[in-house]
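Structures follow.
Shared chain: subunit A. Partners: subunit B in the first complex, subunit C in the second.
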Partner chain A sequence: MKPPVFDYEQPTSLRAALESLSRNTGTFKLLAGGYSLLPLLNARTISPECIIDISRIGELRYVTEEAGTIRIGALATHDQVMNNSAVIRECPIVFEAYKHVGNHTIRNRGTLCGSLCFNDPTAEMPLIMSLLGATFVVRSSWGSRTLSANDFFKGPFTNSLMPNEMLVEVRIPRQPAGHGHSFIEISQRYGDRGLAAAGCMLTLKYGVVSDVRIGFRNLGEGLGRVRAVEAELENKAVNAAAIDAASTAARQSVRPEADMHADAEYRRDVAATLTKRVIETALMRAGQTSHVPSFSGRLS
Partner chain B sequence: MKERDIQVTVNGRNAKKRIEARMLLSDFIRHELGLTGTHVGCENGVCGACTILVDGTAVRSCCTLAVQTEGCHIETIESLGRVNKLSPLQQAFWEKHGLQCGFCTPGMLMIMTELLRQNPNPDRAQIRERLNDNLCRCTGYEDIISSVERAVELMRAERGVQ
Partner chain C sequence: MAQAGKIHSPPKGRQKESADQNLKIIGTRMKRKEDPRFLTGNGRFIDDVSLPHMAHAAALRSPHAHARIRSIDKKAAEALPGVLAVITGEEAALETGPLPCFANPPVEQRCIALGKVRHVGEPVVLVVAETRYIAEDAAALVKVEYDILPAISDMLDALNSSGDAVLHPSRGPSNIAEHRKYTFGAVDEEFANAAHIVKRRLRWARSGGQPIETCGAVANFDEGSGKFTIYANTSMYNYIGFTIAASLNVESHQLNIIPMDAGGSFGSKLFLHKVPVLAATAARIVGRPVKYVEDRVDNMMACDNHGSDRIYDAELAIDSSNHMTALRYRVIDDYGAYLQYGLGTHGNGFSQTVGPYRIRAVGAEIIAVLTNKCQQGACRGFGSEVTNFMIERMVDAAVSELKLDPVQFRYDNFIQPEEFPYQIPTGNLYDSGNYPGALKMALGMLDYQGWRRKQQEARAEGRYIGIGLASCQEKGVFSATEFWMLNREKGFALTSSPESVSIKIDTNGKAVISLHAPHWGNSPETVATMVLAEQLTLDPKDIAITYSDTDHGLPGTGPGGSRYTVMVTGAVAGAARILKEKLKRVAGHMLETSPHDLEFSNGRVSIKGIPGSGKTIAEVAMQSHMFRLSFPDDDLTSGLDANYTYDHPLATLPKSESDFGIFYPIMGHMCHMPVVEVDPKTGQVKILDYVAVHDCGTMINPMTVDGHVRGGTAQGIGTALYEEFQYDPNGQLRNASFYDYLMPRVAEMPDKIRIGHIITPSPYTEYGVKGAGEGGRMVAPPALAAAIEDALRPFNVKIDTLPATPARIRTLVRAAENQRG
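Our next item is the complex of A and B:
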């Protein structure tokens, strides 16, 4: 099908875009890359009265690093973020997860911030930004506010933006030196929508893990980081029993729904297995870029 | 405004039209410019049949509004070769049976055109990874991969590289 008729605006500065948001009283949508919006328009799932095309606002197309903080502008494409040297160096989990985000053609035009706003439950980046402790800079013509991932993301396909607000930047703080990371997603075929995904970041010092961050995607509404799973490892000596306990906690914490691809019980099993794998992989990688002795050997 | 004037360069030629803002880039190319080589499959961003190059990067034209490409340089399948003078990539698809029904082929050729510009010597794994972008329901993909490998050979020979 074809998109319904709509008014079209193409502001070329952030200021003009924010004014446009304040002025519009009807239904409207922001258009950046378009790979989530256009399919919905084509299927007429949504029929906004106005499309505000922000893709020409060059001032928002950046990925920069300043004093350890990585700043990603609203129009930075997935490809730009994925291949940014500071991102690869400082938070390698982003690159690892990006291998599962859409495909090359999608990443050419799709934007990180667009994907975060859309908040598809199978999308990888909302989880990754939660794990990294990223903050979300939101602006309107009235002012700006900065939200944590927890405050920004709501249920599936929803976020906490007010109608006159726009996500203008995501900030990733400096990550612990020598942290270990792992992201694993399973799907029916590589590149398909993810059935379930898990991510883990942790720091390992003298056999004790700290700053443990573990979260899931598509395993239940509103799940980002899951404290109950993290608590099984935080400030504890790593051993097989601790990892098993985290894995059990994951099975109990997730609330997956059944669909045509997999039932809920299978997905709970997957959550338990992925938890084990992401922890083991993160442990093996921990300390590899610093002087902290690295953990090697399998714990199960 | 529901309508807009746009000016783009398509396969080296200037095109200027007044169009509805809601017009998809795929429809603009096919219906307004008469370039029907670009195929429309799912109109959902899944199949990749409509892939074209905008300013050198692969884009799904069914999930892009034509008005978004104002001032851009667009390349479609028609820019590659002619029936009596196929481009190396087209020649390779011909030789290695990289197509059966041919519906996905324009998209396949365009994503591989982008790949070969970025990386003139991709290995089989890199070709497979890029092939992940597009669907083919006939070939089982193996012949497409072999076709791209053959295209690499043909292009190396053309450049005089052994």
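Our next item is the complex of A and C:
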């Protein structure tokens, strides 16, 4: 289990990294935390001609808040993001979902942007960024563009970056005050790739729900937010029938596939259960002034 | 035919050290002798071996489950700079023969596939190069053309496959390797008279030990002497290591195997043959030392040690007073592509096939099939863990169908404490036990009634808590007969399974114990040290341990079959007797007194009844080593050393096909009671509490026993809930990585496994010690299955298939929900 031969570059500035991307005409991969890339390399599942190691570009390792927008640099680790006070305060669903991302060792080295680019269908953060309405700042030597989650993510393990482009920053806009949130994932073991996951954010005013955002992970290709499920609740009074309708809509909307851990029917079935549970929990939390979560997992 | 019941004139044993004596060191929680070196990173594992001019090997694995090798083009690989050799099966076979096999007629296996590949991951080519990197680069350049053959992945398909789908046509036109029927006692009569018959189909999935360190070997071939030296992390090298010499076509004295610390085994390194033979074959061809260490994929696909993979159709006969009278089953076992231990795993199961119960008759039909998968080997329990699962599931099925109490039913059916030694219908003997006592202790420790109340309260809140109970046997100390007694033609019918130690007390009175089997991740150094310290009243700090290679090895069978502590204890006690005699003789001369008037106390050879008198062992040792002329000119020799070989404490030959004699009599027992909560909507299981009561007789060190219990239970939790090698219909192993082969990690373990010990010493072993290495895994699976079933009682589901994954549990609950509408 040794990697094949590859060239190795280690730019130390963003400019140098982008130049390296423009210059490289063969196959290459960016190395940030390496938690997904290196096992694939060692198993020879991929054999890029060149590895561009961007892990030394200190200028990209930041999480800041400016005018209500949280900006996360390409090399910010999961741990940095998870434990950032602005993130915890403004978008507690991030913290809740992060409890399911690997374990502390992985979060200590793995990067948010690396995980977003890799877009493993079981990864939690692509869904969370979709729910939060995050935007993706993409740069090349030629210029930059900003994409929505919908435009950034493609199918499993793919994104819409051009070969000479790099995701340099993710921006999370200000979230609705007092929104409720919930993220639930079913995995066989703590920190495993999930069998299925669901997330929900919503705002509750005078018994009416609005700004409903519901989405799934590992329940079908291209599923970020699922409008058909959201529509069952949007601008409606909260009651059991509405939640059941959303749950039924989820069962009908997901397009899960079977794998060695669970069949498609199981996933479709738990999609309905998860939908019900995330809505109920988000409703319970909505309107509360403080969202600072306590960590209930046994490992951090 | 063996009559089940108490044996009224029990066989006399050879026990010399009884359990009821005042012991100072045995029974204490002494810290492990092994810990300082392992915990400070100073263990020496196979990958730590580096010899001058050593080359590195990598295997090209078969991508196909079943295919003929049409051609191998190795030109590009050979042309890569740094490549020393690209070895095909045909080239290897020029000097290296088939691998060892206990089945008879044997099933031929080669270290590199010869002509045909029979499972994915089987080595097709071995590349030797200056570095492992280059070897893997070169392996990727080898072009192999295959003619694909039909792959047998489902064991039921193996029952009636023919033609090209037959894996080993030379052994017959079918993939049924063995089909054997056994009757112990009046099975038909008992079933005809039964008041109730309970039937179940049970499925036990294939899993396997997952050592962090894979199998490996570093081999060197000395052309001058024609001798191989192989460093390896195998066991049994001083037992059946000569069969590796036979594979390599050299004399047994032309092979020296040097043991390394094993980074985990769980059975899977019981007897490695393919890996050492691969390294040795390569070393002979390139004329340099060669290291071959499996990578994770090699290990998971081709370690030759997957565990049992069975479908049981079982029936239990119960009389009108709710006593179990007979058990009969038909079992199909998917052995994979080869059959190295024959039906040994079923022979093993016959040692305790009635569990702790007074079942009078057993009928067994065993169908062993060959499929295109990695072959079975040893995995903690060696097949008896599946027997336990079957028995306990049948007991629970009876309890549930007859609406009985699971506790009372067991009390009513247990072999009682006064009935030992007890003969079971297969002929094996249970030496001692207290099964009701273990159950009672578990109920008390768990607060069974308290949990039953909490279960009811939780139900009212819509939560599903379940309490599991399993009472199982842990057979200890194998006799070798199980390896061949189920063979059609018995073949090499060995009957020895000895263990030796060599002990030297040096000039300064410090002791060195040589073990003749490797360190396997258990605590043999601690055990040997404590027993010798007890015997000689030495300070454990004054005792060191070494491991002998085959050149210096005495008969040593090694760890496995929950035997090692029993056997090392017997061997050390035996060697200590020899040493004590000589120490007394020398001290007698020094003190001018009779050796009969001397005893050992506080590190001294002292006058009986006068502590502090006499001489220290160090003083006697100095005289013994350095001052021969101080002693009479008789047959006394210089130095203090002893070899002792301890044979199986109680075993007999098989008498017939319905009486296998005594072959696994040192009988441990465990009662596990887990409490789980199941989410019926998602199928997730959380363990809320866990009580484990074990009986392994006298404990040398209760702390290391606790470690065995917890580790074994963890593995049992894995077997029950997570672990399964999944082959697709084409024979591709879908989860040959730790991404997808799921083992419990610390977060999946209960917060605490609460351990209780009940002690019924063996009357046959030194100090009454029994085995303890496998018990946890041999009971946790049925205990957890019972707990899940109990939690989901309102849905009336049956947990008949392991592992009980969320998807499997939810599917059962959904079917029940749909049925109710």
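By definition in this document, the second predicted complex is superposed on the first by the 289 of 300 C-alpha atoms of A that agree within 3 Å, B and C clash if a C-alpha of one lies under 4 Å from a C-alpha of the other, contacts with A are read in each partner's own complex, and residues count from 1 in each chain.
Here, contacts are C-beta pairs under 8 Å (C-beta built on N, C-alpha and C of every residue); 3 or more make two chains touch, one makes a residue touch a chain.
Fair warning: this is a prediction, and the values are worked out from it, not measured in the lab.
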First, second, both or neither for A:175, with subunit B first and subunit C second
neither
Should A:53 be classified as contacting the first partner (subunit B), the second (subunit C), both, or neither?
first
Taking the superposition as given, does A:38 touch the first partner, subunit B, the second, subunit C, both, or neither?
first
Would you sort A:190 into first (subunit B), second (subunit C), both or neither based on which partner it touches?
both
Looking at the overlay, does A:6 come into contact with subunit B only (first), subunit C only (second), both, or neither?
first
Which partner chains sit in contact with A:119 here, subunit B, subunit C, both or neither? Use first/second/both/neither.
neither
After lining up the shared chain so the two structures overlap, which partner does A:104 touch, if you call subunit B first and subunit C second: first, second, both or neither?
first
Tell me which partner A:84 touches in the superposition: subunit B (first), subunit C (second), both or neither.
neither
Report for A:135: first if it touches subunit B alone, second if subunit C alone, otherwise both or neither.
neither
Would you mind listing the overlap between the subunit B footprint and the subunit C footprint on subunit A?
1-5, 39, 43, 190-191
Sort out for me which residues of subunit A touch subunit B in the complex.
1-10, 31, 34-35, 38-39, 41-43, 51, 53, 55, 103-106, 108-109, 190-191
Interface with subunit A, subunit B side, in the complex: residues 1-2, 4, 20-22, 24, 27, 43-45, 48, 51, 57-60, 62-65, 67-68, 111, 129-130, 132-134
Help me check something: in the complex, which residues belonging to subunit C touch subunit A?
132-133, 136-137, 140, 295-297, 681-684, 721-722, 726, 734-735, 737, 739-740, 742, 744-748, 805-807, 810-811, 814
Per the touch rule above, subunit A residues touching subunit C in the complex are 1-5, 39, 43-44, 186, 188-193, 195, 260-263, 265-266, 269-270, 273, 297-299
